[in-house]
Amino acid sequence: MKTRYWQALVGTALLALALPWAAYSETNAHTAALTAVWCLMAMGWNIISGFAGPLSLGQGAFFGLTAFSSTVLFDRLNLSPIFGIMIGVAASVVLAAAVGLITLRLSGLYFALATLTVPLILGVLTKYFGYYEISRPYVGESLRYLQFDSSLNYYLIAAILVAIGLALTAYLAGTRTGRYFVAIRENTRAAEASGVPTARYKLYAFLIGAAFSAIAGGLYSQLAFVFNPDDVYTPLVSVQALLIVLIGGPGTVLGPLIGALIVIPGGELMTQHFSQLPGLNNLAYAAVLLVVALFSHGGLYPLLEGGIGRLFGRRAAHIGPAVPNARTPASTADSRDSDATGSTDPRSDTGRDAAGRAESVTQGETR
Amino acid sequence: MVLIQALVNGLLIGAVWGVLGLGKQIVLGVIHFVNFAHGHLVLLGMYLTLFAWITTGADPFLLLPVVAIAMVILAFILDRLLVRRLIKLGERSQMIATIALALVIENAALLIAGPQPRTLQNSWSDKAVQLGGVYLNAGRLMGLAIAILAFVVTWWIITKTPLGVMIRATSQNRAAAQYMGIDIGRVYAYAFALSVALAGVVGSLYVVSTPVDPSTAWTFLILMFIVPVLGGLGSIAGTFLAGLIVGVLQLLSTTYFDIQLQDALVYGVFVLFLVVRPQGLFGRAADQRQVSV
Amino acid sequence: MTGEAATLELEQVSKQFGGLHAVDGVSFAVGEGERVGLLGPNGAGKTTLVNCVTGDHRPSGGRVILRGRPVQGLKPHQLFARGLARSYQVVNPFPSMTVLESTMIGALVHGRDVSQAEERAMEALRTLGLAHRANITMSQLNIVAIKEAELARIVASEPSVVFLDELLAGLRPTEVSHLLDVIEDICTAGRWTVVMIEHLIGAIVRFCGRILVMNEGKLLADGSPEEITKDARVIDAYLGSKWRNRA
């Protein structure tokens, strides 16, 4: 139970440890700030798709909406981006409620595709109404307008929000709501039959996730200085969030941070070193992803967890999904499409033996 | 007359979207492989056609079989390196890996061909046929003919050949097919090759009338999912019809609203369809496919 | 039926799929603490009937009355909260959860307090003699252990009416008799009203005081095990001629 709070503490410590590195140069500070912002974005995706299950490819909608509100309201109405972000978060939650009520009852692929279209529609409409390339008015160093000469300040703000986000995620994971999310992800039908109001809790997860992603979008637009619908409403924004979490470890508290710490500085480093040849940096980035997808499909966090567990000679508490594609006889027997393992007899000898062995091993471990 | 012109142009481009959806349909509906890189394979087809045309100067439609064969060879390589493993690993890994593959293709294109849009200027581009006041672009008309041919050939492969029987058996019940002695790995390899070849065909058809740059691939991202889902997973006829519908919708909104709203209308109709009739036009069982995370 | 009000009552429950009448006007009542067996050949509509009662399907017609209140059309989670639980024919676990975590999901129906739910779940596991498995991940369990863990999830929710859909299907004879002992104990302790669907007639005869027989969507017979095994219609429709000769 307490491992979750440990994860939040470890995460906060990592953020603090990064501070001297971030303070070393403006480039570092910018990278650190971007990392924290993308971590927040990834946390949003982690709540809906990592914890609760439904695969959202539309987190970019909330990211973009708040980037839009914080920049445009500042530019047109001279409203502080702080309020702009708050308005954006509120609007995102409302949008998420509308989208979620319509689409969350769709199954896997269909929900993913429906959400994929949301940021694209927003992008088209934004451009249609003439909002593109909107720069943030320059007011000089001002906390009130979230404008700083050094990116370090952005890092501090974003890092504090990430720390809060970690604590919230850790708290959430321990509550009934968090348990229900995991139950829905693991087996929606069984969850429903065990008293989980699955439709309602999926919506909760979607709303919470939308709020996280919205805050990230607001901060991102402060770092970017310019609002451009093509930058924030592209599917790549949602994909970035998904990749960060999948690399870090979905359904874990620390996963988004670990993923962001690898993906964002890694990407920036490549950009700095290979900027003469356009494409090469992203090519290397994509190649790394490909390798990760093929060889560590549970994310890095479970590997770390396993390592730490072995280090201290105890069984690591299991929070996140096991190997997500582990085909247990049990999980496949339920799947309605008749794929290879789905229709095999769950009582086949191999399954029984493997299970029996696993049981005896774990029993031997009990002290 | 404007309406008819829009409808006709919509049908012409829609036929290409039909083939796009068909290639996707085979991997999604038949071998249950979630391929986010399909649009980027189309991009590859576009560049292959373009470079073959630059090198040889031959008619792009004559180059099409060459491109298709090159794509088939690529498909077998990809199958060995990636697809085979990914099918075992499950949908989540498939998603990350194919997104990564998409980025690899896009950035390789950026590295080799550069960011500037390139146009295939050929004899087909400017020729038009007039038919009772309606202008038909000759390149697009040829595209329609080839699209229909691609559909007929695919339909023939799936329904009439032994390979097709194996593909259909595998798609319905993988385990049973295996017990019947069907080599699942080979069936997947051939089905994937067919899908990639169709992506190449789309690339060849599209590049004749549209400039290509590395980011072009993302315009296919949604369309390639919309068309098979709209048509109904597993339905070849539905896919063709869905492609035509999408094309007509695009052209209608371009003609009557604003070119910028073109995609919004398509997405809107798609979401509406998902909610009202998730099994698609010709789909049999609705929520049979689950993508789990 | 005794004179007092039934715990669960079905009135003309029907379910159609297209033109197929999977369940066709089934009515019966189950009294408090009663154990009813539901028999019938494959495709008789037993599971569809259960699905209509537990909210997995919405009945096309008829009423389901739980403790005097109509509940047809409610969602499974709403019925679960009212004390109506079920097990599934095919195991339906949460693969990455531990047995304890999975059991807690059932216990959480009583309130949002997680530590209280944990105690309740632990209690249920002890009742079933599964406490030693509390921290084992579900995906590592074999089929019998998964069925037991799913039973624990139901026990932890402290239900009043329980549908057991082929809980014993596919088990070895020794496993069947073990699990049946376990169910016998918890039913008595928890004062459950049970509807048991099973192909193993021996188990039904041993466990249930009353048997319902379904065939082709309709209720064919309703009576004590002795009556049912002698009913000519039932024997013809389901048990086959061998039984008639033996009886």
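A few comments on the model shown:
A, B and C are the chain letters, set down in written order, and residue numbers restart from 1 in every chain.
Quick note on the criterion: contacts are C-beta pairs under 8 Å (C-beta built on N, C-alpha and C of every residue); 3 or more make two chains touch, one makes a residue touch a chain.
Note that the coordinates shown come from a computational prediction; the quantities given were computed from them, not determined experimentally.
The pair with more inter-chain C-beta contacts, choosing from A-B and A-C, is A-B. A summary of chain positions shows that the Cα centroid lying nearest the centre of all protein Cα atoms is that of chain A. Our note on geometry: chain B versus chain C, Cα centroid distance of 48 Å, whole angstroms.
In whole angstrom, the spacing between the mean C-alpha positions of chain A and chain B is 30. Distance between chain centres (mean CA atoms), chain A to chain C: 40 Å.
In chain B, no residue touches at least two other chains.
Residues of chain B touching chain A in their complex: 32, 34, 82, 85-86, 89-93, 95-97, 99-104, 106-111, 114-115, 172-176, 178, 184, 214, 218, 221-222, 225-226, 229, 258, 260-261, 263-264, 267-268, 270-271, 274-275, 278, 287-293. In the complex of the two chains, the chain A residues touching chain B come out as 49-50, 53-55, 102-103, 106-110, 112-114, 116-117, 120-121, 124-125, 127-128, 185, 234-235, 239, 242-243, 246, 250, 277-280, 282-283, 285-287, 289-290, 292-294, 297, 324-325, 327, 335-344. Taken together, the chain A residues at the contact with chain C in this complex read 174-177, 179-180, 182-183, 186-187, 189-199, 315, 318, 320-322, 326, 328-331, 333-334, 346-347, 351-352, 355-356, 358-359, 362-363, 366.
Chain C contributes residues 54, 56, 75-78, 80-81, 85-86, 88, 90-98, 101, 104-106, 108-109, 112-114, 117, 132-133, 135-143, 145-146, 150, 153, 157, 170 to its touches with chain A in the complex.
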